[in-house]
Amino acid sequence: MDYSTGEMMAVAAARVLKNEDVCFVGIGAPSVACNLARLTHAPNITLIYESGTIGAKPDVLPLSIGDPELSETALTTVSVPEMFRYWLQGGRISVGFLGGAQLDRFGNINSSVIGSYEHPKVRLPGGGGAPEIASLCGQTYVVMRQSRRTFVEQVDFITSFGYGTGGDHRQRLGIRTQGPTLVVTDLCLLQPDPETKELVVTSIHPNVTRETIRQQTGWALRFADSMEQTPPPTETELTVLRELHARTEQVHMGKATPDD
Amino acid sequence: MTAFLSLHDAIEQYVRDGASLALEGFTHLIPFAAGAEIIRQQKRDLCLIRMTPDLIYDQLIGMGCVRKLVFSWGGNPGVGSLHRLRDAVEHGWPRPLELEEHSHAAMANAYAAGAAGLPCAIFRGYQGSDLVGVNPHIRFIECPFTGERLAAVPAIRPDLTIIHAQRADRSGNVLMEGIIGVQKEAALAAAQVIVTVEEIVDDLHAPSPNSTVLPYWTVSAVVCVPGGAHPSYAHGYYGRDNAFYTAWDEIARNRETFLAWMQEHVLTTQPESIGDEQQQ
Amino acid sequence: MTAFLSLHDAIEQYVRDGASLALEGFTHLIPFAAGAEIIRQQKRDLCLIRMTPDLIYDQLIGMGCVRKLVFSWGGNPGVGSLHRLRDAVEHGWPRPLELEEHSHAAMANAYAAGAAGLPCAIFRGYQGSDLVGVNPHIRFIECPFTGERLAAVPAIRPDLTIIHAQRADRSGNVLMEGIIGVQKEAALAAAQVIVTVEEIVDDLHAPSPNSTVLPYWTVSAVVCVPGGAHPSYAHGYYGRDNAFYTAWDEIARNRETFLAWMQEHVLTTQPESIGDEQQQ
Amino acid sequence: MDYSTGEMMAVAAARVLKNEDVCFVGIGAPSVACNLARLTHAPNITLIYESGTIGAKPDVLPLSIGDPELSETALTTVSVPEMFRYWLQGGRISVGFLGGAQLDRFGNINSSVIGSYEHPKVRLPGGGGAPEIASLCGQTYVVMRQSRRTFVEQVDFITSFGYGTGGDHRQRLGIRTQGPTLVVTDLCLLQPDPETKELVVTSIHPNVTRETIRQQTGWALRFADSMEQTPPPTETELTVLRELHARTEQVHMGKATPDD
């Protein structure tokens, strides 16, 4: 079956999720991955959206972090202060998802500004829940398309802390969680070097060359000694993913009132 | 104790130029109709507070009502940027916009501290984030028992909080359900509170003894505005108009199309008809 | 993830001698049956934590299970003293009892801090109270923005929290309604959680999207004990046995009548029959 | 109509409550006074019990602070942490009620121990919500029977702070509320002297002599220059009060299972 690089990214991200995981789900790619996992190999995975919905089982992908679909299918919906205090800060989340405009070689993420903070070339939406998701979830997975523009030597602004300057920087700041243990892109999987914490390629998606990956990376990228080949999406994975997108498309466009 | 007013009168009486305002709603129950009326009455120099400023704040900013924005995520959920917010920050159009940027955790805790009558909130946050260097309102304290370094932010206490809820009874008691976000905290933290509701009923019919209810003596004014949360939604009343959120990206992308849309859909609209009109 | 056990097995597996235990319940949903089983299994050297220790704590103390009590109000509500608690503090019978005394506000905040994973809680309290001088766990910090002096107490993190709730589903998700007190915080603050319930159902039928629910992955064990909160009550199931609370004053007033009552109504009773028996 | 001194105390306490008051109600005398006010001249008074019930309208007096009657008749019931944070500390309560084993001439209250704290002659239940009710409610009313044993020159232990050593002691501690502005006993009403904050008698109940009041007070009691005479309970007040007690008696004894 033919598939796009975006589909490969979603499938690769979904595969690492487990039935026992309690995920703090972001909108976009993370939400696709989490729900794909729930609809395939991890039916009991717990999805938590920062809007307060615990145990959401949406039939279609939410456009926003708080679509009706979420609270209507959730086990319960709590207030946002409770969500960030008892559930995220309380250490109840095993996996958090992050993405952003820029990612650097040590997994630090920028979702605030391109250029200077005072006079930004581009003012981005901001961190939202990310700064604390990055430090309080058991571990975080980063899901984003890879390009020289987004995978940079150094981010313009650290919105969410990854491994800082590498090594034991997290521990030195008193952060007790693992940080970004996996980066899933449309080309490959990257993981932090156990010592230096620099992100290195550990698995390459089908039909992708090391050269392509290097060209799409803003730093002198390292490849792990034992390199793996990411298995292509299975027919089941693709079918479920495409049905999910189709259902979503239909529902979100259902109430089109462009002039209003 | 609670005043029952028209949307026009409520905004006219409670929104003062230069005041700090929180129109809260975490993707759900966003008081769009109230925001539109603020634009129609051309209020100025407002300090807007909200965790997730979205389309209605983009409109207020684009129409020049706003001096400062306190926020933690300012985008069009699932769609992209808020172009009017960007234009104000990047090019100062129609006027420069001062930003005070926090994380969600910080703002949620700051609202809760405001509701709890505390001067500040403490939490475990901002570790390693550059936000600490650009926001002087982020400080740190030491736990007097463990010595752990914890982040502290000042309590948020808006001059006025405006929220939208499902319904109120004739005394002014208000019921909220579904994704309740930080609205209860935003209301209890504010000096004045306006609540727009889908309907006013004889009995709230709260489904649970623990339902989220604001007693009438915490609410300054109640305004009945059916559809007042559109294009966001009201759990149990109508769904989210995701198509409009998507369409907004094009509308707001350049100044002319934005102003034309505001002219047709907000400036020349009557507050009373807002709900119905936007629900078409 | 959640174990479904008999009351006997749950107490045997989770209650360790010397552990810190919170059997919470603010006059409602007090886990009496679980407390009785702890007495039957003769657990020792427990550090009991609770805002409002009442009859079941009086029984645990009188039977010599308790080394220390962390509390904020220890009486028989509307009736008077807890005679076994007094006897232990005033005369060391059956063994001396160490006290750590707080105010309700302090303990409620300390449980919330435990649930929130914070090392301490800050609040405006204890102003002018002599409790500050007798409890070294009460300290003060300065607000980094206003300089105001605020009280601080360490978070409460029990080794085990036991609560009683209306019902659980077959996955172990738990629903609580009515006066929910500090049970959710006590559960989320603890290393292990046992929940005794009135019934186990296929569907929780939570009346509101915002109903108070503990997800199964926060609950160690669920035990079905109908009537397990008697003589306190379970909203929607049975009322409070105020007559028994009143009668307890006489029963507990002297050591002999107390021991005789315990012998007949607790020691020689089977856990499975507790609920029914106490509901007679 | 004949009446007891206890009835006079309840009626006198009820009379000072207003329709607009939001009361933090304690069990016992305060609960009687608040519900009597609600059933007579203040039908819209808001009664809050620390168990979390807001706007309770009990038909009978609760024996405990959390009887079913309270949440079943309340506008809403919140968690106990929320009650103490958003409602009490949040400054939402206009009137709090206090009582205790000992009260001193400056309105300080002891509900912890008689004798030394380490080796108490009597271990009392403790303060519960009182320490913060005393400092965070707009003002507090103390309702307790008067006797040499309870009205003492100095309390053994300050559980709840009144005016400390008098004068501006509250302000010096940074307390922003008024404190105990009224003490209602079975014999009279006492109020703090505007300057010294010492409690002085401002109104004497019918058929009570200054001599009796002096005998029942552990300090050299002062009487205000403009002394008032407390009006006796009206027939309505007594009828409503007695019906309330009768209903309560019946309900609480309803499920008598003394041997169980």
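Chains here go by letter, A, B, C and D, matching the order in which they are written, and residues are numbered from 1 within each.
In the analysis below, a contact is a pair of C-beta atoms (placed from the backbone, for glycine too) under 8 Å apart; a residue touches a chain by one contact, two chains touch by 3 or more.
Remember, predicted model here, so these are calculated numbers, not experimental data.
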Counting C-beta pairs in contact, which chain pair has more, B-D or A-B?
A-B
Between the Cα centroids of subunit B and subunit D the separation in whole angstrom comes to 41
Between subunit C and subunit D, what distance separates the C-alpha centroids? Give it in angstrom.
27
Chain centre separation in whole Å, for subunit D relative to subunit A (CA means)
57
Where in subunit D do residues touch two or more other chains at once?
71-72, 77, 85, 89
Within subunit B, the set of residues that touch 2 or more other chains is 112, 116-118, 123-124, 148, 178, 180, 184-185, 206, 209-212, 235
Would you identify the shape of the chain contact graph, picking one of line, ring, star, complete or other?
other
Tell me, which parts of subunit C touch subunit D in their complex?
26-28, 51-52, 71-75, 77-79, 81-82, 85-86, 89-90, 101, 103-105, 108-109, 111-112, 123-131, 134, 148-149, 178-182, 184-185, 233, 235, 239-247, 265, 277-278, 280
Which subunit C residues qualify as touching subunit B in the complex?
116-120, 122-124, 137, 139-141, 143-146, 148, 150, 152, 154, 177-178, 180, 206-212, 235
Subunit C contacts subunit A in the complex at 1, 112, 115-118, 173, 184-185, 188, 206, 209-213, 215, 217-218
Using the touch definition up top, name the residues of subunit A that touch subunit B in the complex.
27-28, 50-53, 62-68, 70-72, 77, 79-81, 83-85, 88-89, 108, 112, 117, 120-132, 134-136, 157-161, 164, 169-170, 173-175, 251-258, 260
Residues of subunit A touching subunit C in the complex
20, 22, 46, 54-55, 71-72, 74-78, 85-86, 89-92
